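Labels for the chains are A, B, C and D, by order of writing; each one numbers its residues from 1.
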Amino acid sequence: MASFDVMPDVQLYQPVELDDALNLADELGDEGWLLGGGQDTYGWLKDRAKQPRAMIDLNGIEALHGISETNDGIEIGAATTLREIIRDERVNRDYSLLVEAAGRVASPQIRNVGTLGGNLSQDTRCWYYRRGLDCYRAGGNICYANGPESMNREHAVIGASRCVAVSPSDTATALVALEATMVARSVKGERTIAAEDFFVGPDTHITQMTSLKAGEILTAVRIPAKWAGKKFYFEKVADRDVWDFALVSIAVAMSMDGDTIGDSRFVCGGVACTPHRLTNVERAVRGKSLSEESAEAVAPMASEGTKPLNYNHFKLPLMENLVRRAMRG
Amino acid sequence: MSDYRLVGKDFTPPDVTGKVTGKAKYAEDFRVDGMVFARMYTSPMAHARVTNIDTSAAEAMDGVVGILTADDVPEVEAPNAAILTNSPAYIGDPILAVAAETEQIAENAMAAIKIDMEPLPFVTDPLDSLIEGGANAREEGNVYARSQEGSGFRTIKWSKEQVDEFRAGKEPTGEFGSEWSYGDIDKAMADAELVFEEPFVTTGYAHMSMEPRTAMAYWENGKCYVHGSAQSQSFWMPGLARLLGVEVEEVVLISENTGGGFGSKIGAYPIAALPGWFSKKINRPVQLRVTREQEYYMGSARVGFQGWIRMGFAADGSILGSDVFIIEDIGANATGGDASSAGGAISLVYNAGAMRFRGLPVLTNTTPRGAQRGPGQNQIAAVMAPIMDKAAKQLSIDPVEIRKINATNNDSLVYSDRRTVTSAYMDEALDKGAEMFDWERRKNQPRKNGSKVRGLGIGQGYHSAGATGFDGLIRITPDGKLHVHTGVGNLGTYSYASTSRAAAEVLNFDWEDCEIHRGNSENNLPWNSYQAGSVSTFAHTRTNYVAAMDALRKMKAIAADTMGGEPDDYEIDGKRIFRSDNAAQGMSYGAIAARAIQLGGEYSGQTYPDDINAITKRSVENLAGTGLVGVAKDNLPQEGVIPGLACAFVEIEMDLETGKYEILDYVGIAECGSVLFPAGLAQQMKGGAVWGMGMAALERHVYDPQNGLPANIGYHQCGIPSYLDVPSVTRTSAVDLPDPQNPFGARGIGEPAMGCSVAALTSAISDALDGHIFGRTPVSPDMVVNHVTGRDQSFLPLQTNNF
Amino acid sequence: MNPQLSRRRFIKAVIASSVAAASSSGIHSALAQDRPRGAVERLISLNINGQTRRVDVSPQETLAHTLRYKLGLTGTKIGCNRGECGACTVIIDGVTNYSCSTLTHSVRTRAVQTVEGVQSADGSLHPVQQAFIDELSPQCGFCTPGQVMSAVALLQENPKPTRDEVRHAMAGNLCRCGAYDHYLNGVMRASGQNS
Amino acid sequence: MDIATYKDDVWGQEVLRGVSWDLLWLVIVAAFVAIALHAIYEAMQKRGDKPSADGERVSRHGALNRAYHWVMAASIFVLLVTGIFPIVGLEFAWLEIHWIAGIVLTVIVAAHILMSLFSGELGSMSVGPGDVKEALDGNTKPGKYSPAQKSMHAVITVLTFLVIGSGILMFLQIDTPWWDRTNSMAEGMLGLVFFIHGISTLGLVGVICLHVYFALRPEKLFYTRSMIKGWISKDELAANHDPQRWTPDETT
């Protein structure tokens, strides 16, 4: 096997207007590669595991940058870096959940250039897939990670369908918890997608992580005022505290009425191909207070419906424990 | 404490400035005219035979300069690693290389090469090979045993029942490869108050030095110039010459800086010779930049253990007997010896009364293994620490105390041949550590806080730490400078510099007047030891001492010859040699050097001792007539084992809900004789601590047994500890008692610095979990969570190379 | 790709394209034929360590490659070429980046600082460099240039960081020798504080 | 246009992956071209009056056989939709529906075969050398099934066997409520199975296009009615069949 390490020939476009980027994306279709911070790009290209014809660098497009207020919350441009988000005063004040999640992404240098859009759209880290194997996700007819001897410690415990890869994004869990809306543009116009529907599983989209179609560009993320300043909890358990992706993570947003919980969103990362909402927990915590007692009562629900693989049943108690910790307040 | 002027004092090694400015050159930083770039095609199969190679499309590409295959390089007898092979035995085994005008073209060419291969049976876990019907990693057999009687392949199989029993933690009854013992092990166990058995696994993992083993080579005037990433300088020469098929004097090795080695670059490795062969074939300089993934494949890895141990303790805590059985996962190539070293470490560190060691090195189709920082000693250190804690608990003895009871001291006899030690002060090290760590207070403090629980751990590390018989070579020039020629190599321990100061110390030179010659075999370097095995401190304070003493003898002889009297009438100070009874009558160092040149003969290197190595001889010949030459082989007396020892105390806070732990405090104590270079010692102790933390928690080989694929091929997957995975401050100190067999009292420390760390952590993990012994490294968060929640672990008992 | 369209629409955009080619030998790659006829700019100006450098850069080229292979700035090391080690860290407009994972074309208008540009004009060492020497921070030294860059960028932004802030700011730089403690000591010393 | 696609196996060796789905468009276009040609040809033929559907009726398809047909048709329809739509870009969670429909098809086909073995229907549907002669001779009227109908049935039978056989092998390779996947089949073999499944699916797409077309042709519509209601009129019988060769039951 050839072991590749340098960038192969790829064209590069650096548009400064969104329309130009959209036209390019439309024309290039599947052969185009949208470039944000590039931290989930160059590895694929250097390995020659993905071979797009051209990269469309979105960083020069002013319209994709920045954090602005809207009538209902805030809008973050897709090319805004995680560094900018982490340092933004308003996001810190109202949506610290996102700041915490973004702060646990990879390493400082990666957060310095990594964009929100890129972090949300990044591909799964399944090591078989990353090796460039022709698995289901790569358009093949087999999943190497789901065999009787497969090394699948980091893989899915719920929502798998042939492919057992998991969503690696830390900001995705936070944004699903915050009921964000994704804004996608193409030459045909704009469409908005609820964060929950933005991330797609292998049962419907085995070769994709998001519902973006070829030619579409994620331009912005809108976070509703509904969750501004609410009670949040974020935790990510990974082997190393730098670089590593979540074994299991949790992002929680809770609307408190005095001591009792009203609406809430509990979202686990690292357990399914999409951020995984614990709707049963959300129902169960309504009307409860944050306490050891309610933590014990709802924690076991976290792992309901899971089906672990050979090496990842530890994720079940870990999911339960993270819910337990969120509920202690 | 010494009252030396230089030895034992801090200084700035001359190469540090280049490192912080970026001027320090590593192998890949060199460019020469006409140089082309090579890339390797490595085996996609775990075990296979190459049946056809079609490079026609690649060769037709513009910019492709040549192809090198196994047919172009010397054949190597299995299971030794070859430069290139047609019988790959692991995924990543190099099959061919392409050279092109740019790296990108080389890779384009690589993509156009078609290699047909016939897959062969493969295996990734020694027990899967050992079980009847299991695959053999090599067609020749599944065991490669090295012994004094001879080394060779064997095929050893155990019945399913034997494997199952072993997995169940029972004493293995299957055939083994080698054995040694001392004392009466059966009697020891019968006499013991407390006897228990523990199974254990230590998974192997990659060295992953920061600098991949890049090499560049070209031929000029019949010599092959190799820019390599070498852990040793002179020690590389014979092996490199052999790999290139030339005489030692026909090779020039340039290795000024090496981006880490940790045992993986001790001697010349096959791939370092690839550019030389390639350059010869295409008549262009060739640089082979090894990629990170390839560095994983061929950059060596720690030997894995699957073992069983039975320990017998007397009521007072002393170890009466230790019976250990270790299966070594030696990967696809011949290596090993870790297991026997581990047995030796049990004998030495714990002073076991009687011992039996049985070992079985099993080949697997995983990356080649080699020495890695404390090979064997550090695996067993991790295994032993919780066992000592268990015994302490059952015998109601303080964990520090039970270690002191068994601590090696100056009277200990070690190993199967019951050898003496040069000196050993583990007792003192434990006392010092306990005091610095405040053990007495901490052991009584509350442990549990919510989901978090604290654990205390103590670890002990050991590696033999010295070698003898190498050469020293120094020179005083008429400008009054001292030139120390060192072939030690430079991988960042600074021992090349700190040992060079021994010569300056003997000759009363100011450090500013000293120049070190190194990093290029054309710099007239002596035959020096490998910079590994914690040996260079001991070995090269001695070589520089004997060379300096030789120079001093010559200076006195020249002084007597020039100014009258007997040599013994003279002494040195203030860069002068003068009569003891009349300081005014003397000569400057510069003058004496000039006089040495005039006199010639042995004084300026025209003649030299017979017993020095041919490499040293050539260097002396080149230097002859340039100054006063001090050259000698280290024939100083040496007897017994030279132990490098260390202990560590650690406190962790483990979160039982996430399985993660934070290291709250770490204290490492070196017992390496007198301290030669305090800052360098702290570096080794702290760096070793980080290595131990990685081994304890993060690093391991993972292979998919169904298809032989490695999971952890990159830096990210290998789990090298980052800033945030280790404590912000690690505290270290040293016992600092001189070893009588070194002129400056110093012994080495690099490897025990790590062993004590991994051991302290396995001990602390066990302590946090009420004495539970995982018997496994690394302990990852999933294992802790599974244990705490009463779930089975995902892997089979004694399974290895798994998540 | 319609070349007419791209030329018309990209007046404001700079298109770098695969003309291909290996700088040293003038070899043209397969993609050369089908590149768009839009503005092709391979010869670009870079602001490296305060100097303008003209250099021929292919569109897909990484900054680490340009620095090391084209500009001879070999202080920037390639440890993994994957953004997983930090040995290639450089400062771009005051912010640390992995140069192995940065396209050279994306820094055309920006100020790039490498380890070679850290010393002051008179050649004296940067306080971080001096402190790393004083604390004997480097071991093998291969990660050191990256460590220097992360520390320099941190102190530019936060001249008096706490040790924990330093630890987090440096977290994207791996050191296989495990010299973290000594690097932290160095940064604290460089900031004029006790470690 | 490729017939098959290839991929690298886990060790980078090229193996068959499956059918090239570009063929789908070829098959559909070919089927419609055939249909159009046939329709034009038929339009140019002078035909007598259509036999009347009124009057006495005879039984053509028993209730059980009609049920078999429509359950098969429904399951094949579901299988084609769930199998093909995601490939052409209409994505939905198809896998479970697909294998459940596959089980239904397999069971019903098995039952149909068993049933046919005992009912004697096998004989009336089997294609033999006589059918060729019959097809070439414009004057002979068929028994219960015309050579065209028999051929259509035979082709669908073969394709269905292939698609079911390969489908079962594929089913064994995925996680189901009854077993976990094993990845035990060699990848080259797996590719062959996928290829057979795909190519037989493509065949079915083409044949079913023709089948539906013929079922909807005006002069054949009475057959379709018979597959729904069970009967044809005596008039239709007389016009299309040789009563010597097929004597259906009278119905009321």
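In this text, a residue touches a chain if its C-beta (ideal position, glycine included) is under 8 Å from a C-beta of that chain, and two chains touch if they have at least 3 such contacts.
Keep in mind it's a predicted model, so treat the numbers as computed, not measured.
Can you name the chain that lies farthest from chain C, using the mean of each chain's Cα atoms as its centre?
It is D.
Quick check: more C-beta contact pairs in A-C or B-D?
Between B-D and A-C, contacts are more numerous in A-C.
Find the geometric centre of each of chain A and chain C from their Cα atoms only, then give the gap between the two centres in Å, rounded to an integer.
28
Averaging only over C-alpha atoms, locate the centres of chain C and chain D and give their separation in whole Å.
Using C-alpha averages as centres, the distance is 64 Å.
Determine the centre-to-centre distance between chain B and chain D, using the mean Cα coordinates as centres, and give it in whole Å.
70
Using mean CA coordinates as chain centres, what's the gap between chain B and chain C in Å?
32
Where in chain A do residues touch at least two different other chains?
In chain A, the residues touching two or more other chains are 1, 5-9, 107, 144, 147-148, 150, 241-243.
At which residue positions does chain D touch at least two other chains?
Expected reply: 10-12, 183.
Residues touching two or more other chains, restricted to chain B: which are they?
Residue numbers touching two or more other chains: 44, 104, 108, 289, 291-292, 706-707, 709, 716, 721-724.
Does the chain-touch network form a line, ring, star, complete graph or other?
If you draw each chain as a dot and join those that touch, the picture is no line, ring, star or complete graph.
For this structure, give each pair of chains that are touching.
The set of touching chain pairs is A-B, A-C, A-D, B-C, B-D.
Sort out for me which residues of chain B touch chain A in the complex.
Residues 39-44, 91-92, 103-104, 107-108, 110-111, 113, 289, 291-294, 297, 451, 657-660, 697-698, 702-707, 709, 711, 713, 716-717, 719, 721-725, 780-783, 785-786, 788-789, 791, 794-795, 802-803.
For chain B, which residues count as touching chain C in their complex?
10, 12-13, 15-26, 28-29, 31, 62-63, 101-102, 104-105, 108, 208-212, 257-262, 289, 291-292, 491-494, 679-680, 682-683, 686-691, 714-716, 720-724, 726, 728-730
Chain B touches which residues of chain A in the complex?
Touching chain B: residues 1-9, 48, 107, 127-128, 131, 144, 147-154, 235, 237, 239-244, 247, 310-315, 317-318, 321-322, 324-325 of chain A.
Taking the complex as given, what residues does chain D use to touch chain A?
On the chain D side, the touching residues are 7-12, 17-18, 86, 91-95, 173-175, 180-183, 187, 190-191, 194.
In the complex formed with chain A, which residues of chain C make contact?
Against chain A, the touching part of chain C is residues 1-2, 5-6, 9-10, 12-18, 20, 29-31, 35-36, 58-62, 65, 81-84, 86, 89, 95-98, 100-103, 105-106, 150, 168-172.
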